[in-house]
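Common to both upcoming complexes is chain A, partnered first by chain B, then by chain C.
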Partner chain A sequence: MDQVIDKIIDTLLAYIWSPLIALETMIADYLPGQDIAALIAYAVYVLIILAGGFLAIASRNLVRAMLGLVLTFLGVAGLYLLLACPFLAFMQILIYVGAVCVLIFFAIMLTRNTNEGEESKLPGIGSAIYGFFAFVLPLGILGPLIIINVPKLELKDYGQTDTKLLGEGLITNDVFSFELISIILLVAMAGAVFLAWRRRPTPDEAPK
Partner chain B sequence: MELSLLSFVQIIIACLLIIGLMVGNAVIMVYIERKAAGFIQRRPGPYEVGPRGTIQAICDAMKLLGKQLFIPGNVDWALYFLAPVLAFLPVLVLFLPIPFGKYLTTLQVDDGILLILAFAGLGVISNILAGWASNNKYGLLGAARAVAQSVAYEIPMIMALLAVVFLTGSLNLTAIVERQGTWPWEWNIAYQPLACFIYFVSLVGETNRAPFDLPEAESELTAGFHTEYSGMGFALFFLSEYANMLLVSFVCATFFLGGYRGPILDGFWWTFIKAYAVMCVIVWLRWTFPRVRFDQLLNINWKWLLPLSILNLWVTAIIIKFID
Partner chain C sequence: MTTLTLFLLASLLLLAIGLAGLVTRRTLVGMLISVELMLNGAGLAIVAAAKCVPASEVHGQLAALFVMGLAAAEATLVLAMILVVQRRFGKVTLDEVSIIRADGSEASH
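And now, the complex of A and B:
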């Protein structure tokens, strides 16, 4: 009986794996010495990031553009996972998707949304040329460098994330940058409150 | 975490079970909620369909399934259809790190609570997209309220959970349960009563339940962000609301009520009993308290919950430092 079950499981596994193995050998011919699963995961995340970026610049509507930004942030979080830092990946989603994007949406709603802003028109020739250079220059400089040294990709079992180590690092070695960032955020917050502050008129000087 | 076929199959099976749990939970909770509402408001509640109205929820589900999908004019159709799907998708991920029993966890994640908090943020995005895409003033107002409310209530919620993480020294949910004892006075609610209270209040705020259901306040905004949704679109929002309620109850049971540990016979039944007790309190709260005004809602959060949670965190840190 056990043998029969084993045989069934083996057949099922072979059925699931065989297309994957075929794909694996195909890719292995082109890129020797790489972990295929890691490559596929990397490709998926990069595609998500690029699709998000494209959506963000190509939409004629600010809310759709914001959705592109959300997609990009999710892809970057995936890359953090691939780098075996789940803590950073979750923080990326928690802060950027859960807070920053939601606040951006709030800002969009506070402004007049008549679909007549800059984003609703096609860009002019000048900005198209600038955009082209902004795309080609980093590609031309960084692209060959990346192609020359393709890093070895692998899926790691990340085991324990040492949150304690991270916290200790923040208050010992990197305490200066940590405090600097805190001060910048505090100044930004105080500045926002100062700009938005309007003294409430007392009853006798209230506008008639 | 092992990257093997076995763990993959395990996750698939767990996800199917979780979907079953979510659907079953919605059906049961709708019945409990309507009966409780009837009892509190001195009326019978559902009683026509089936013995004591037990099949009413299933009939409602059938009605929603059969309803025509109505698309109002001038909506942003891509976002209009994306929003309910986006409300439901992250819920599956949210249940991954919940320890139902000692070994009954879908995926042991070391930063489990961070995973839950991170993906819970996607629910807000679906609410605001729904409100925005339906091209409706009520919807937009509901979305604006959802943003302000969820951003506000997320902060004391995280602070309250952080106090427990301070006690345990781990973000892993199983480790948090393991640190608590078997008897009620050994649970975290005995060590962190203030954090438990803050978490409970912000949980009601995060899940948009009355008395904090301002994003869908039906007396002012018709139905808020999901005004324009009918049929399955509405059903998905409804299902995800109940799933989120179930999730925060499980997190509450894990963090403050000792999870799967109980006076006798540790096991997953304790998690379920505790989580459903929390759910019943949420239902009870909904039908007892009147809806607060929006400025009151924000004042409760920024003037009371946030300072209290910071104070609680501070005192916890100092006490831990002195005891060590």
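And now, the complex of A and C:
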């Protein structure tokens, strides 16, 4: 009985996979020497980044813009996974999606700028033209430069980076940068508290 | 198209999207979102280069981690600034906020 079920499953899987394999060989004829599955995953992640980025900069509702930002962060985390850096991918999700997005959400809520705020109006024609050039000029100038000038390099190895090596790097070679970033974070937090501190007027001081 | 080129193009895409958002957004919160997009592109470029060039890849990944830490610090500071601007001007649009002075003698124009 088990053998029959196995055979049925194998047949079904063969039916599902055979078009994909045919597609892969078809693409492989056009692009020799590329890992097709990786290319498809790359295309999917770039599409996610594009969709999220468009939502983040074009949505008239800032909460939706923040959700687009989350989508973009997840796409970049996928690209990190594709580069075989799983630790960085998880740090990306933890820090950006977990911390930075919550901060941005606080900023949106504290300024009560959700739905009928200033962003709900469409940008003026001048600002739209500036935005178009700000999008096209880096792509048009830097894109060909990258394609022409960047050395033709592939991944050094396909193995995952050992997280242990990262930890050792933090306490040996890059220990100074590590301490520096800690101080920067501390100063930024203290500065934020100082800036946002609402000074209460003392009783002998007349309130404004 | 090699791996390095593809990933650098992806980070360039993030830079372009962020720049367009920075120009078109009207409020400080929207600009903060765009800056986060650009910082993400920077981190992606660093990691892609670290995985492809023959140098040690640990340095590059740690640099990307430092970029993430800087982004968190920057977001914190900008949140505080947005709070202060909101308290003083009542709005966080850039057209309103054209004066930043310490004494507060001329709060709005």
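Simple rule for what comes next: the second predicted complex is superposed on the first by the 161 of 208 C-alpha atoms of A that agree within 3 Å, B and C clash if a C-alpha of one lies under 4 Å from a C-alpha of the other, contacts with A are read in each partner's own complex, and residues count from 1 in each chain.
Please note the rule applied: a contact is a pair of C-beta atoms (placed from the backbone, for glycine too) under 8 Å apart; a residue touches a chain by one contact, two chains touch by 3 or more.
The shown structure was predicted, so the numbers you read here are calculated from the model rather than taken from an experiment.
Visitor: Assess the superposed three-chain arrangement around chain A: do chain B and chain C clash, or do they fit?
Guide: By the criteria stated at the top, chain C and chain B fit after superposition, with no clash.
Visitor: Contacts for A:F90 in the overlay, against chain B (first) and chain C (second): which applies, first, second, both or neither?
Guide: In the superposition, A:F90 touches chain B alone.
Visitor: I want to verify the contact counts: of chain B and chain C, which reaches more residues of chain A?
Guide: The partner with more contacted residues on chain A is C.
Visitor: Output check: A:N173 vs chain B and chain C. Expected answer is one of first, second, both, neither. What do you get?
Guide: Once the two structures are laid over each other on A, A:N173 reaches chain C alone.
Visitor: Just chain B (first), just chain C (second), both, or neither: which does A:F106 touch?
Guide: Both partners.
Visitor: For A:L13, decide between first (touching chain B), second (touching chain C), both and neither.
Guide: first
Visitor: Could you tell me if A:I21 is touching chain B, chain C, both of them or neither one (first, second, both, neither)?
Guide: neither
Visitor: So in the superposed three-chain picture, is A:I49 touching just chain B, just chain C, both, or none of them (first/second/both/neither)?
Guide: The second partner, chain C, only.
Visitor: Which partner does A:V63 reach: the first (chain B), the second (chain C), both, or neither?
Guide: first
Visitor: Could you state the shortest Cα distance, in Å, between chain B and chain C after the structures are superposed?
Guide: Result, nearest C-alpha distance in the overlay: 14 Å.
Visitor: Which parts of chain A are touched by chain B and by chain C alike?
Guide: Looking at chain A, the two contact sets intersect at 87, 91, 99, 103, 106, 155, 161.
Visitor: Spell out the part of chain A that touches chain B in their complex, as residue ranges.
Guide: 13, 16, 37, 61, 63-64, 67, 70, 86-87, 90-91, 93-94, 97-99, 101-103, 105-106, 109, 155, 157-158, 160-161, 163-164
Visitor: So in the complex, which bits of chain A are touching chain C?
Guide: Counting only chain A, the residues touching chain C are 42, 45-46, 49-50, 53-54, 56-57, 62, 65-66, 69, 72-73, 76, 79-80, 83-85, 87-88, 91-92, 95-96, 99-100, 103-104, 106-108, 110-111, 113, 117-119, 121, 123, 127-128, 130-132, 134-136, 138-139, 142-143, 146-147, 150-156, 161, 165-166, 168-170, 173-174, 177-178, 181, 184-185, 188-189, 191-193, 195-196, 198.
Visitor: List the residues on chain B that touch chain A in their complex, please.
Guide: Those in contact with chain A are residues 1-3, 5, 76, 78-79, 82, 109-111, 114-115, 117-122, 124-125, 128-129, 132-133, 140, 143-144, 147-148, 150-151, 154, 169, 171.
Visitor: Show me the residue ranges of chain C that touch chain A in the complex, using the header's touch definition.
Guide: Residue list for chain C touching chain A: 1-10, 12-30, 32-34, 36-37, 40, 43-44, 47-48, 51-54, 57-59, 61-66, 68-84, 86-87, 91-93.
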